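Shared between the two complexes below is chain A, which has chain B as its partner in the first and chain C in the second.
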Partner chain A sequence: MSGHTEILSLRSVGHSFGGFSVLKNVNFSVPHGSIVGLIGPNGSGKTTLFNVISGYIRHQHGLVAYDGHNMQAESIQARSSAGLVRTFQTPKVFEQMTVLENIMAGACKLTRSGVIEDIFSLPRSRADMRRIFELAEEACLKFGMEKLRHDLALRLPAGQRRVLEIARAVIGRPRLLMLDEPSSGLNTNEIASLRRWIEQLRAEGIAILLVSHDMELMTVADCVHVLYFGEIIASGGMDEIQKNTQVREVYLGA
Partner chain B sequence: MNVGLLAQSLLAGITNGLTYALIGIGLAAIFKGSRVPNAMQGEFSVVGAIVVVLLLTGHGWPYWLAILCGGLSGAILGAFIEVAFIRYMIRNAAPEDSYLLLTIGIGLSISAAVLYFFGRESHLLPGFGSDNLYIILDAVVREHVIWLIAISILLTIGLRQFYRTTSVGLKMMAASIDPVGAASIGIDVTLMRTFTFMLGGALGAAAGILITPIIPVDYMIGLQLTLKGFAAAILGGLTNPLGAAIGGLVLGIIEAMAIVGVSSSYKDVITFSLLILIMIAMPQGLLGRAGRTGG
Partner chain C sequence: MKASRSLVILLSIAVCVALPPFLPRHFVDLLVFAGIYTVAGLGVGLLLGQCGIANLGQIVFYAIGAYATAYLTVYVQAPAMVGFVVGMLISAALALTIGWPILRLTGYFLALATLAMGIVANALFFEWDWLTGGTLGIGGIPKLQIFSFVLDTPLRFYYLVLGVVAICLLLAHNLIRSRTGLALRAMRDSQDAAISLAVNPRALRTRIFILSALLGSVAGSLFAHYGGFANVQSFGIEKSINFLLIPVLGGATSLIGVVVGALFIAVVPELLSQFGGLHQILFGVALIGVVVLMPAGLTGALAEVWRRSAEGARP
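Here is the complex of A and B:
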């Protein structure tokens, strides 16, 4: 871990689409090993902000720093390889691969073997594959997917796809995990498990940036920011946020 | 029809079918990995075979080394096409049909280059192994045919193993299924596409090298091989490289039966008429919808 207290830091981040500002002067940070929540009504800019942080959109103004480094020029895969990993509102699982293969693909960045070693199945490649196979088996157990591990991802129901996407993201040992609506499509038991996993990941030192409409799940966050029309209008603990008059007016509708 | 003739035709069908399969597998691998309908897959075969002819007969290289270089030439050509053309077209959001035009153009250019440098002559390679003949079920078989069948089957099984059990194979498969999701877990999608073209090129070259001891290579054969490869790949579901192997075999066997049952002059008419009927009855390919998404 570096000397920076924050794994992610956003300073005056702004972005517009065709002259319409979707992010305006966004400032917040995610300390190492903490859970930070991001809430806001539909269209408030949460997913755009996720796309900016993960590199799917190049922001036009401000600074996105990951572990003290400016990320502006970094590609999506470079960010992911550095430990900044995200999930999507609609889970992006590899449908024609099995559950186990999906999770193994997430662990491929932990391998050290090169293409030639892989093609000729040389000892280092075989050792790498054994290792990621074992890690994937463990992840299947941890996320309750051991009975589904040989099923194609396309046959999974929506909730299980989401769990698979999280398992695939976690196996790559992220330092900052960005979860976009992770409880969407999950049943009550699955949401309880999700909360347990999130707390366990924090205990393992992984920082989490969480976007969710599920206010119950959001209580897991150490700090919550409210985004409204691209601006952060309130920050604090969930209790504090729920009492905030402006937030109640624009978001909670009370 | 006696057993010997039937066995001989079946064997010829399997031999040709496996060659079509290799071309179809390469084509399907590229289509699956990049959505590029590669209308020059047969040219990989021409280049691979010509390189081996050149090194073996022109420079006296050992056969095994010439074969290795022939396979590599297909991989290098595949990488060149992806890096020089496809990458920029994808960056500029080119529509799918423009790739068809691009690959037709490259195919014709390669064909013209082979005509320019090597003339109209056909070139044959020596068979693998010895010139021994074997009798199997009353059919006379050259040793090379046994090598061709064995190598084609090994390459097909090896490809499946490569995709499923190696790190780079898993990454190539993931990048081909969902590039956005693949990038999010640190996979270099562009590099994987280059590898896919290299793999497709090497498989095309392998097909060319394997068939040239039986069918002579010339500047025109690429288009014929591409058409057969396309038919094999579409029969197998187009996005499923292993489906293309089955498609190739079916194509080869129908073709051989058409020759023995009717006439070699009408083999393409009969074969493609049957293929049209199969595609009307099974529009997703021989393996159905599940097969189309597999591989």
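Here is the complex of A and C:
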């Protein structure tokens, strides 16, 4: 771990689509091993912010620093390799692959065999596949998907797709895991499991940036930021946020 | 299931090895072409089945392999292996040069770009008669020989092609079962998600495009040695369409599907030729029938029948 206390730091981040500002002077940070929540009404810029941090959108103003490094010029793949991994608002699973293969795909970046080694099935290629397979089997057990592991992802219900996407992100050993609406489509038991996994991942030292409309789940966060029309209008613990008059007016309801 | 699959593969290999000596020469000739098409179609199949790329330009690399072999063995009197290697090197370099810019495209745009590549190449092969012999082509390409054993009959050449097909299928199997195969299929199913897992689609696609070009070139060199000539009429765009049809008909995600598709393309038109002028129409109807009734290809349909019968047999 580096000397920085924050794994992610955003300073005066701004972005516009055409003439419309979707992010305005956004400042916040995610300390190592913490859970930070991001809430706000639909259209407030949460997903755009996720896209900026993960590199899908190149922001126009401000600084996004990951582990002390400016990420402006870094590709999505470079960020992912450095441990900055995200999930999507609508789960994007690999539908024609099995559950096990989906999870294995998440571990490919931990290995280094090249196409030539793979074509000729050289020792490093075989060792890489054994490692990926073992890690994926462990992840299947950890996320309760062992009975589904040979099913095509295409056949999974919405809730299981979301769990699969999280398992696939976690197997790649992230240092900052960005979860976009992870509880959407999950039933009460599954949300309880999700909460346990999130807490367990934090205990393993993984920082989490969590976007969710589920205020119950959001209580897992150490700090919550409220985004409204591209600006952070409040920050603090969930109890504090729920008492904030402005937040109640614009998002939570009186 | 796994044991029965292995048994089917072993039986198929036994049939491929033991049966041809008892077949008419004309039929063995068709099997040689099916083998050559398998090699070229395998490249297209890897792109289509593993990367989701429809390549309509495989004829370019097939022709480069054939012309490299023809030019070097006839005009330079180089050994056959030199023709194979030079064809592969030129194909790989061209695939890298063309692939890097066009593989940024996706879907129909990429398919059209590969189609354009085939059309331009065909025009160049036609115009550059100082190199390709134009419409007359280059004839007198020597028969392949292994030490002093000359492969001068369809049966002898068949066993060489069978070996090449087996090696190519084995290597493709390795690739599909590796981390590269996982990354390819991930990219095919959801590029956004694959990128978030550090997969680099453009670099990976370019590598598979080069691999596909190498297979096309090897197939072209084999074709030149077998036919003894290489001329521009053999490298029209309709041949590229046939190469794309191979994985589409057989089943793009299956290696066996490529073999089945190549057999279909090589053998069915000949079987239909007894109907005279109608045979092309009948072939077209057969193609439409397979594509409409079996969207996962012939092997996909067979696998479905197998799966259902296995489920039905379960108590």
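By our rule, the second predicted complex is superposed on the first by the 254 of 254 C-alpha atoms of A that agree within 3 Å, B and C clash if a C-alpha of one lies under 4 Å from a C-alpha of the other, contacts with A are read in each partner's own complex, and residues count from 1 in each chain.
Operating definition for what follows: contacts are C-beta pairs under 8 Å (C-beta built on N, C-alpha and C of every residue); 3 or more make two chains touch, one makes a residue touch a chain.
Nothing here was measured: the structure is a model prediction, and the numbers come from that model.
Following the overlay on chain A, give me a clash-or-fit verdict for chain B and chain C.
Superposition result for chain B and chain C: clash.
Pick one for A:C108: touches chain B only (first), chain C only (second), both, or neither.
After superposing on A, A:C108 lies in contact with both chain B and chain C.
Which of the two partners, first being chain B and second being chain C, lies in contact with A:F94: first, second, both, or neither?
both
Scan A:S212 for contacts with chain B and chain C and give back first, second, both or neither.
Neither: A:S212 stays clear of chain B and chain C.
With the two structures laid over each other on chain A, which partner does A:I132 touch: chain B (first), chain C (second), both, or neither?
both
Look at A:S183 in the shared chain and tell me whether it touches chain B only, chain C only, both, or neither; answer first, second, both or neither.
neither
Based on the superposed arrangement, let me know which partner A:T47 touches: chain B (first), chain C (second), both, or neither?
Neither partner.
Looking at the overlay, what does A:S34 touch: chain B (first), chain C (second), both, or neither?
A:S34 sits against neither chain B nor chain C.
After overlaying the two complexes on chain A, where does the chain B footprint on chain A coincide with the chain C footprint?
54, 56, 76-77, 80-81, 85-86, 88, 92-97, 101-102, 104-106, 108-109, 111, 113, 115, 118-119, 121, 125, 128-129, 132, 165, 168-169, 172
Which residues of chain B touch chain A in the complex?
Within the complex, chain B contacts chain A at residues 162, 164-171, 173-174, 177-178, 180-189, 195, 293-295.
How about chain C: which of its residues touch chain A in the complex?
171, 174-175, 177-183, 185-186, 188-190, 192-200, 207-208, 211, 253
Residues of chain A touching chain C in their complex?
Listed in rising order, the residues of chain A that touch chain C are 54, 56, 76-78, 80-81, 85-86, 88, 92-97, 101-102, 104-106, 108-109, 111, 113-115, 118-121, 125, 128-129, 132, 165, 168-169, 172.
Report the residues of chain A in contact with chain B in the complex, numbered from low to high.
The contact residues of chain A facing chain B are 54, 56, 75-77, 80-81, 85-88, 92-97, 101-102, 104-106, 108-109, 111, 113, 115, 118-119, 121, 125, 128-129, 132, 154, 165, 168-169, 172.
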